[in-house]
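In the part that follows, the structures are each spelled out as structure tokens.
Two complexes come next, and they have one chain in common, chain A, joined by chain B in the first and chain C in the second.
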Partner chain A sequence: MILYIFSIMLLIFLAPLMPSFMKMVKMYLLYKKPISIFQGYRDFSKLLSKEIIISKETSAITTIAPFLVLSPLLLTLFFLPPIVRGEYYVSFVDAFTITGLISLSTFFLMLIGLDSASSFGGLGSSREAFISALVEPAMILTLFSVSLMAKDLGIGQDGINLSLHFPSAHIASFIFAGISFFILLIAENGRIPVDNPETHLELTMVHEAMILDLSGFYLLLIESAGSVKFIIFASIFVSLFVPFGLNLPVILAILVFIAKLFILAIIVALLEVNIAKLRLFKVPNLLGIAIVFAFLSLITFYVLGA
Partner chain B sequence: MTSFLIGAFLATLISALFTTRLYGLILWYSLNSLSLALLAISIGFKIDDNTMIISGFLTLIVKSIVIPYILKKVSMKFGLARQITPNVPVYYSIMLIPALLVFTFYLAEPITNMMSSNANYVAISISALFLSLLLIIEHKNIAAKIIGFLTIENSLFLLGTTATNGMPMLVELGIFFDLLMAIVIINLLFKSEELS
Partner chain C sequence: MFVFDNLSILFVFLIMLGVVPNLFYSFGYLPHIKRKVHYLVHYFGFIISMLGVVIAGNALVFLLFWELMSLTSWQLILTEIEDKSTIKAARFYFFMTHFGFVFLLLFFLIVTNGNLEIDFNSMKIIASNFAYPTLLFFFAVLGLLSKAGVVPMHVWLPYAHPAAPSPVSALMSGVMLKVAIYGLFRFLFDILSNWQLEWGVLILILGAISSLVGVLYALSEHDIKALLANHSIENIGIILLGFGMGMIFLSLKLPTLSAFAFMAALFHSFNHMSFKSLLFMGAGSVLHQTKTKNMEKYGGLIKAMPITAFTFLLASISISALPPTNGFLSEWMIFQSLLGSSSIDNISLKLAIPFSVFALALTGGLAIACFVKVFGITFLGLHRSTNAKHAHEVNTMMKIGMILMSLVVVSLMLFTPFYMKLFDGVTNQLLHVSIYNKIFPNIWSMHSISDNGGIVSPLILLAGLIVLTLSIYAIYKSLNIKHRVYHTWACGYNTSAKTQYSATGFAGPIRRFFTWLYNPDEHFEKEVIPGHKTKFKDASFSVHVRPLFERSLYQSSVKWTNKMSYYVYRLAHFEQSRYAAMIFNILLSVLFSYRIFVHEFSWATLALESVVMIISIKVLLIGDKK
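Moving on, here comes the complex of A and B:
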């Protein structure tokens, strides 16, 4: 139980670190002077001390919704696959619950965008709905096909089963699911081929457009929700699709897990530097590939057993 | 290993179906041929069949290096449009490709029941055949149609490799020469495309 609480605390602690780490790698690759890796924490403390300004036109939703954006994601952290062998974990939570909690958070984020009645907010919300409607089926299909390979519906149990018996007989469908989930990781977190988190240009904004009106503590909640979402996706990815190092001794297993997270972050950053942002109406092509691969992985598993 | 390479074969084919750039399409074709060649070589070593190893290396050289290189050169020379948009909208493709896969996997079931070994690969190569037909239908551009034709050839090679433990060497060599001739004829086609 102590390990369980420790691992959740670790994930929360790592969450602000990952976006600033990715930004650092990107700036380093672009020959800029890189920002500190602790920039996430600095932003956190800066926003904590800022005052909150709320537009006159908003209803009560703007004051409630930021908490409801963050809380389903924090709840999801409790259901993730274990980091260390022998750790307590929740075994019964399946693909629908995880996807549902993440979509619940996205729903409240879209409400915030609509609430202040600014033109940007509605624009961002409609784009976000457009993307997340395509992400959900692919995510459910992918997680289900991994569950089938691990022979258990619970995501937490899957992490353990996969680390004990790597599905080398089903490697083809395993890799299809991996490709699909990686595309979802990029799309759902608003990384570059889908959305650029660093610009405030009206043509390209998706995530930023919804939160333009927020400030202070509320902005802090939304920003932390973004980083927690990345850590959720990253930790599901590394525990289900790179299922190694769980059986090592405790300290070593945790270090291996953190190393895997950082390697994933480096891969995402490399991808961001090398790829241009897609036009918004090309995004369904990318997510279409994700859906097709998720489906292909299920089909290959069922029909061919490969 | 074999199953991974088969998966890579299908994955590159599906990625080719969603590409909207000509050079990207040629790259996916090259990777498709590469996975096919590695598959043929690995199966050849497994069943200790020299002709299959030779045809695997020929595939590696001809299909994954020479043909994509020639196609790229020729299309650059004639200044073909690099932007190729599929006629079938992506929304329909998302529905169509899984439907096709399910359909062909069940279509191939009587054949796979007859076979003793490698039954899955027959189903995959038949579905790859249908997917490359889709690649031909969904493009108006001549270069993309040619890539579709070449992927049909690839999937037939896959069928031959996995279903029959290798076709006779003479047939394989004949196919390679045919392909090279086809590329020469395609050159002329591109020229007429440029004139029109």
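Moving on, here comes the complex of A and C:
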């Protein structure tokens, strides 16, 4: 139980590090002077002390919704696969519930975008609705396919099962599911090529457009939600698709887990440096690839058993 | 004459749950209806006839109440008769509902051997001796599902539901569609006994297609009530996904999985009744204040109508299947029963089911987009019309109606075990298996019945969300942060009602992605300032989606009927000499076909005689073109 709480605290602690780390890697690769890895914490403490400016056009939704954007994601942290062997974990929560909790958070985020009566907010919400509608089926199919290979519908239990019996007989469908989930990780977290987290240009932005009118503590909540979402996807990815290192001694297992997260972050950063952002109407093609890979994974598993 | 078994009682309960809040709402709505007596007579007649259908014990009573239900709802659509489109919608509804009635009548005439007063048990014996059970199944499906609004017989819903007064729309969409689902349970279990696997597959496919088509057309709609009507198609599709899985499992002799799937279908029927009634009530309140069904004229109503807005938000979250609401729980059950298929051996079924999972998941995603659009455009932002500006909260009776219905929604979420117990009673009666204890070993968590199935715990999810939200809120309060109110930042421009996103604009990316389905009719006009190419004074953009099914199935069948009747007309106005030619041709064809099909068959004579026939028709009958 102590390990369980510790691992959740660890994830919360790591959450603001990941975006700053990715930014650091990107700046280093672009020959810029890299920002500190602790930039996330600095922003956090700065936003904490700032006053909140509320638009006079907004309604009660703007004051309620930021809390409801963060809390479903924090709840999801409790249901993730374990980091070390022998730790307490919630074994039973399935793909549908986790996807639902993430969607609940996105639902309120989209409402915030529409609340301030600005054209930017609507633009962001509309695009986010479009993207997340296509992400949801791919995510459910992918996680379903993985849970078939791990022989349990609970995501937490899958992490254990996969690390005990790596599905080497089903490697083809396992890789297909992995590719699909990696695309989803990029799409849901608004990274290049789906969204660019650094611009404020109305042609390109999705996530930033929705939160243009938030400030202070509310912005802090949304920013934290963004980093928590990335850590959720990253830790599901490393626990299910790179299921190694769980059986090592406690300290080593935690270190291996953190190392895997940082390697994933480097991969995402490398991808971001090397490819350009897609046009909005090309994004469905990318998500279509994710859906097709998820289907392929299921069908290879069923028909070929491979 | 009447039956009061678990199934009937359950649906009586469903109807009462839907009707009681509706009564309050209806009495609040009454001052705005001109033909009060006409409305009240048909309103109560409608409720009584729905109750009559679900407790009917023989074919005659069933058909009587079924027809009464159709006629009273038809008259209720005609309550506000000033609108021209109302009459068109009512005519369409009248036609579609009687299209279904014909098949029900045929079904009953066959299974009762013409004696309409025998009970369901005797019908079962007659039906089991009938040589073509699939024919009976098709009659039942056409008869019942045209009432339930399943693709491709869904076309009347987006016309009929918006035309009726809002309390009636809530009843029709929330409750009447469930009466058709009741019929499906009754007919399939009590009359048709020897099922085939393909029947379940057909229902599953219809469900998957309906759910996708419904939600996609809902997204493109900006008439708020037509949008909700399209969502009814979607939700009936989801119910049929559960129902179809139940049928498939039962055909494969897996009774516990089957019972789970049927319970999921029943649960979703209850949930859809609750949130769809609530949504129609909310839409009715908005419509009543703003005097328009067009979403583009709403905006900012949450400030004036908080109770309507927050009950509507609850229903929106629930219909989007977001945890921990009741809509999520029933879709979770349907999802689990779809996943239960991994133990089936039949490979083609195994491949078909991921498609249904995909349909269900995509439906969920699109439903979220759709309800962000409805709630955001209607209640958030700035008002887009004068009526929306002067809107205020509706009267007390209507508020009570909405609050009662949201209590029904909340009760379905909190007291799931209680409702499950009721559904278990029904599946116990129909399938003779009781799985309540497997689903709810304790009242905290809900277990899936399949091997290695998942568990969901609505109460823990809800408690977790509340605790986390409150603790973040406590941190926020303890920090004592200053607030300042300022106007929206729009890069230096003013924010006005015209600069915010419209409903059409919101659905723009999705409409563009699904152009092949929508085939939209776009009109874009702008008045360019002289001397400039891109600057314009005024512009208008409108888009109208042409429904695929209506265009291809209904309008083209109308076109073909017109064409046929033209030829029949020409036939009836021939010159006399041509009648003789026609008789000669018919004689020739009869003789030839006797020779070909009965006497002996050879390709050579077939070819020769066809040529002779064609020449004789061309020369004698059609003649020269003038």
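The working rule: the second predicted complex is superposed on the first by the 306 of 306 C-alpha atoms of A that agree within 3 Å, B and C clash if a C-alpha of one lies under 4 Å from a C-alpha of the other, contacts with A are read in each partner's own complex, and residues count from 1 in each chain.
Assume a contact is a pair of C-beta atoms (placed from the backbone, for glycine too) under 8 Å apart; a residue touches a chain by one contact, two chains touch by 3 or more.
This one's a predicted model, so the numbers in the text were calculated from it and none came from an experiment.
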When chain B and chain C are modelled together on chain A, clash or fit
fit
Counting only touches as set out at the top, which of chain B and chain C does A:Leu201 meet: first, second, both, neither?
neither
After lining up the shared chain so the two structures overlap, which partner does A:Ile175 touch, if you call chain B first and chain C second: first, second, both or neither?
first
Looking at A:Phe295, would you say it contacts chain B, chain C, both, or neither? Reply first, second, both or neither.
both
Rounded to the nearest 10 degrees, how wide is the angle at the Cα centre of chain A between the Cα centres of chain B and chain C?
80
Spot which of chain B and chain C makes contact with more residues of chain A, would you?
C
Looking at A:Val303 after the superposition, I want to know if it touches chain B, chain C, both of them or none. Which is it: first, second, both, neither?
both
Once the shared chain is lined up, is A:Asp152 touching chain B (first), chain C (second), both, or neither of them?
second
Just to be sure I read the superposition right, which of the two partners does A:Pro284 touch: chain B = first, chain C = second, or both, or neither?
both
Look at A:Ala276 in the shared chain and tell me whether it touches chain B only, chain C only, both, or neither; answer first, second, both or neither.
neither
Which value, in Å, gives the least CA distance between chain B and chain C in the superposed three-chain arrangement?
6
Where on chain A do chain B and chain C both make contact?
284, 291, 295, 299, 303
Which residues, counting only chain C, touch chain A once they are in their complex?
299-300, 302-303, 306, 317, 320-323, 328, 331-332, 335-336, 339, 342, 347, 350-351, 354, 357-358, 361-362, 364-366, 368-369, 371-373, 375-377, 379-382, 445, 448, 452-456, 461, 464-465, 468-469, 472-473, 476, 479, 481-491, 495, 497, 499-501, 505-510, 512-513
Within their complex, state which residues of chain A touch chain B.
169-173, 175-176, 179, 282, 284-285, 288-289, 291-293, 295-296, 299-300, 303-306
Going by the contact rule set out above, which residues of chain A touch chain C in the complex?
48, 51-61, 67-68, 70-72, 74-75, 78, 92-94, 96-97, 99-101, 103-104, 106-107, 110-111, 113-123, 125-127, 129-130, 132-137, 139-141, 144, 148, 151-154, 212-213, 216-217, 221, 280-281, 284, 291, 295, 298-299, 302-303
Contact set on chain B toward chain A in their complex
3-4, 6-8, 10-11, 14-15, 18, 20, 90-91, 93-94, 97-98, 101-102, 105-106, 120, 123-124
